[in-house]
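What follows is a set of structures for review.
Shared chain: subunit A. Partners: subunit B in the first complex, subunit C in the second.
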Partner chain A sequence: MKKLKHLFVSDWGRFVPGFLFCLVFAFLGMNLDHFIANYHKANVAAEKIPALEQQLQEMMESGGDAEALKATQTAIEKQRAAVAKVGGADGQRWGWATFLHGKAQFNYVAILLLGGILIRNFLPLPKILLPGISIARPVIKPGIIILGLHYVWSDVVQVGGLGLVLTAVFIFGTAIVVMWLCQKWGVPDGLGGIMGAGTGVCGVSAIIATSPVVRSSPIEMAYAIGTILFFGTLMLFTMPYIGKGINLSEAQFGAWDAIAILNTAQLVAAAEWYGSEALDTAVLINVARIMFLPLVVLFSLWFYILRTGKQEAGLEINKWKLVKDKFPVFILGFFLLVFLNSLNLESLGGPKIQGSPFWAMDAAYKWFFAIGFAGIGLSISFEDMKKAGGKAFAIGMVAALVKMVLGLGVVLLIGTEMLRVIGSH
Partner chain B sequence: MKPTSSDKKQEPELERFAQEVFSSEKREDIWAIIIAVGILVLSFGFPEQIRHFFTQTLYLF
Partner chain C sequence: MPFRILVCIDGEPHSKGAIQWAIQLGLSLPAGVTALHVIDPYLKKFYNELYSQGRKRYLEYVDERLQEGADKTHSEFTRMCQAAGLEAGFKLRHGEPLREILDELRQTSPDLLIVGGKSLNAWGRFRSRNLPLRLQKKAGVPILTHIAKQ
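Coming up: the complex of A and B.
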């Protein structure tokens, strides 16, 4: 019971107002997205109806096949139902919804991120909400675990295996280059170490994990986190449009996203914004990347402490304990679901098998993502981002640009097929 | 039965162990797994209702 007690923080009450605020914001964001999506579907349906009716007319006049006639009639009824759902009539159009939902990609991801940023920075957000907002971000983790249903082991081997190679090259390459640049430019070891880990692995988690090992100060942590989040935010809002502009496939974008954007929540947001295939690829490669977190912490320990002999006399560093402590446990849940899904058990079914437990469970992940995205948007404070200044900022910019450009080159070379998640039954 | 001195010695160690294990990142991860397992159990028992809840009930329109 004592151990269970530690699942709750002693002052959990102070998180409630902010967390409830995120829940309400997420609920409203998802509903606004659903509202726009319904009108978009109605607009698409309204455009299809005349062509289908024309087709039906021609088939009836030419004495077409009964099955084909029935299929066309069913298609017309389906389109009419979409129009009726929004209370529309024949001839009505809703181009604004297609523009917002289709062209501008104004879905729940954009609504919650942009809306959150606007609320945080331009409205008087009571300070009492801030603690709860910070705990909304990790709610994305149950969503990632549930996403395990989208994969089978062959995906993990193919895309995950390729992802492991990509991430190994980019993680250690970036971490080494950044740490070396930091030493060259006289950046303190503490800041250099966490910048290397943060720009190499996964942003904020890596910074927090590496910080005690390289003994960075709180202000250095603030600089590093501010820099990482700033570039993550910049890339989150620009990469999807760049990807669309150069006709990157969803799978390629997912891989690029997972290499270039460091924060798990931000990269999930960018991928979900781009498309479901992008999300599947990005999450799998990201899982491969964050598994490296303990290794990068160990590398930082060697680079800054053991290699230079700065270890305190008599201090025993337990490397196994360090690896165990820093391992992101939640991805075990992700892999468990991948494993169960790969077994193709009748009792569990699959995300596409109607009426099965996995089919039901799959409907939940978007809501966890929505709460997480609400937390992200509401956490992005312009004030905090200004903390990233000087050399740390310049190094962060170099690392971000290099990863973005090289990552794009690599995914273009690899192509779509190797990066596509085939998924399950 | 009165706690022995070794029991008393073990308690701070247990506290420290629990603190280490349940650091905030680990706490988040454990909660994430608990929530996912909870959804799985509910989906086992009530698949149609769970699906309906997340795809229909939560939407106002």
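Coming up: the complex of A and C.
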């Protein structure tokens, strides 16, 4: 019993209200998405029906073959069913739904993120909800583990291998250039170290891992976190529209997103917003990216402490323990599912085989994401971003812009095929 | 009942001017001076970022650095008071600064509150949480704000 007790945080009760709030918000967001999607489908169907009816009429007049007639009739019935699903009648249109769902990409990701930001910043959100909201974000992690079902080893080798090269170049390129420039510009080591790691690897998560190593001051951490959140949010809401504007394929967007967006939770949200193929590519490259986290922390340690001889006398640094502590263990779960999916076991099925265990797991991932996105939206506070400033802001802006432009150039050069995940499609 | 002054200090250069005002008033009135430093645990809320590793170490590190800042602020205040020959008190609170200062005001009802602030342009006013201004609206006691030149 005592051992079981240790599984729970002693003050777990304070997390319950906010977490329940995120659950309800996610439920409403998903249902609103479903509602808009149904009307969008009905609108598309309503627009197709007259043309199909005319085609049927012409076929009947010209005495077309029976099978083609039957196929057209079935198609008309299918479109009518989509219209009937929303209680519509012949001739009715729902252009607003097509605008929201198709053109504005107003899906559950946008609903939860924008809705969350509005609630957090413009409504009096009770403080009792804040602890629970903060633990809703990591719920994305089980969703990412489940996404392992979307891949087979050939994807990991092709897209993940390419991702590994891309992320190695971009992560270490960014970290080295930022840290070197910071030293040239006289930026304190504490700030340079966390900005190098934060802009290079995975935003705030990297700042949290690196700040104790490079001994950043609280004010430097506040500046750096504010800057990363500001540019991460800006990119989250602009990159999907830039991608659509320049006709970037989903796979290319996923790779660009995984290279350029500074904060990881926002990266996953932007990819899911863009489309399922974008998510598959982004998550795989991002897994490669976060594997570098311990190495970047180790690099910061060498760059600021060991190389310059600033190590405190008598203090022994255990590098292996450092790497072990900073390793994101949950990605082992992701690779386990990739492995099981690659075995193609009949007992486990697959994400597309209805009724199989893997199909059931795959159906759950969007719900994990929805709860996580509710947490992300409700955590984006303008007050936090206003803390961005000083030299951190200038460094963040340069790093974000350079990564965005260079990353776009690279994914355009690579093309779609090399970046597309095959496993689930 | 002797005149009591509460001075809010955060270890930043602009709060030095506020300390000097509090010391001068404390000696000339005379008045009892107490300094209040609030440790803001704002950074801790990021500990469970999506991929964050070494969370426990991060929380310990933030605590350690905030405590170091508080100790430094305390010793600087004590040194300035001793140099001027004033005996003053020091209080430490943990939490969101505005709420903690208002709580302290409610509990101790000082006669005067002294705070330090920066001279800010429009962008700076937008970005900063402008604690002195918010205190002026909510404190319910006379406030002296020492504005430091940047």
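Everything that follows uses one rule, which is that the second predicted complex is superposed on the first by the 416 of 425 C-alpha atoms of A that agree within 3 Å, B and C clash if a C-alpha of one lies under 4 Å from a C-alpha of the other, contacts with A are read in each partner's own complex, and residues count from 1 in each chain.
Following the convention adopted for this analysis, a residue touches a chain if its C-beta (ideal position, glycine included) is under 8 Å from a C-beta of that chain, and two chains touch if they have at least 3 such contacts.
Values in this document were obtained by computation on a predicted structure and should not be read as measured data.
Once chain A of one complex is fitted onto chain A of the other, the partner contacts of A:290 are limited to subunit C, with no touch recorded for subunit B. In the superposition on chain A, contact is made by A:364 with subunit B only, not with subunit C. Shared-chain residue A:146: touches subunit B; no touch with subunit C. By the document's definition of touching, both partners, subunit B and subunit C, reach A:138. By the touch criterion defined above, A:328 reaches both subunit B and subunit C.
Residue contacts after overlaying the shared chain place A:264 against subunit C, while subunit B stays out of touching range. In the superposed pair of complexes, A:355 makes contact with subunit B only, with no contact to subunit C. Overlap of the subunit B and subunit C interfaces on subunit A comprises residues 138, 141, 205, 208-209, 325, 328. The touching residues of subunit A, counted against subunit C in their complex, run 130, 134-135, 137-138, 140-141, 202-205, 207-209, 211-212, 217-218, 221-222, 225, 264-265, 268, 290, 293-294, 325-328, 372, 383, 386-387, 389. Residues of subunit B touching subunit A in their complex: 14-15, 18-33, 35-37, 39-40, 42-44, 46-48, 50-51, 53-55, 58-61.
Those residues of subunit A whose C-beta lies close enough to touch subunit B in the complex are 2-3, 5-7, 9, 27, 30-31, 34-35, 38, 138, 141-142, 144-146, 205, 208-209, 325, 328-330, 332-333, 337, 355-361, 363-364, 366-368.
Subunit C makes touch with subunit A in their complex at residues 42-43, 45-55, 57-58, 60-62, 65-66, 69, 126-129.
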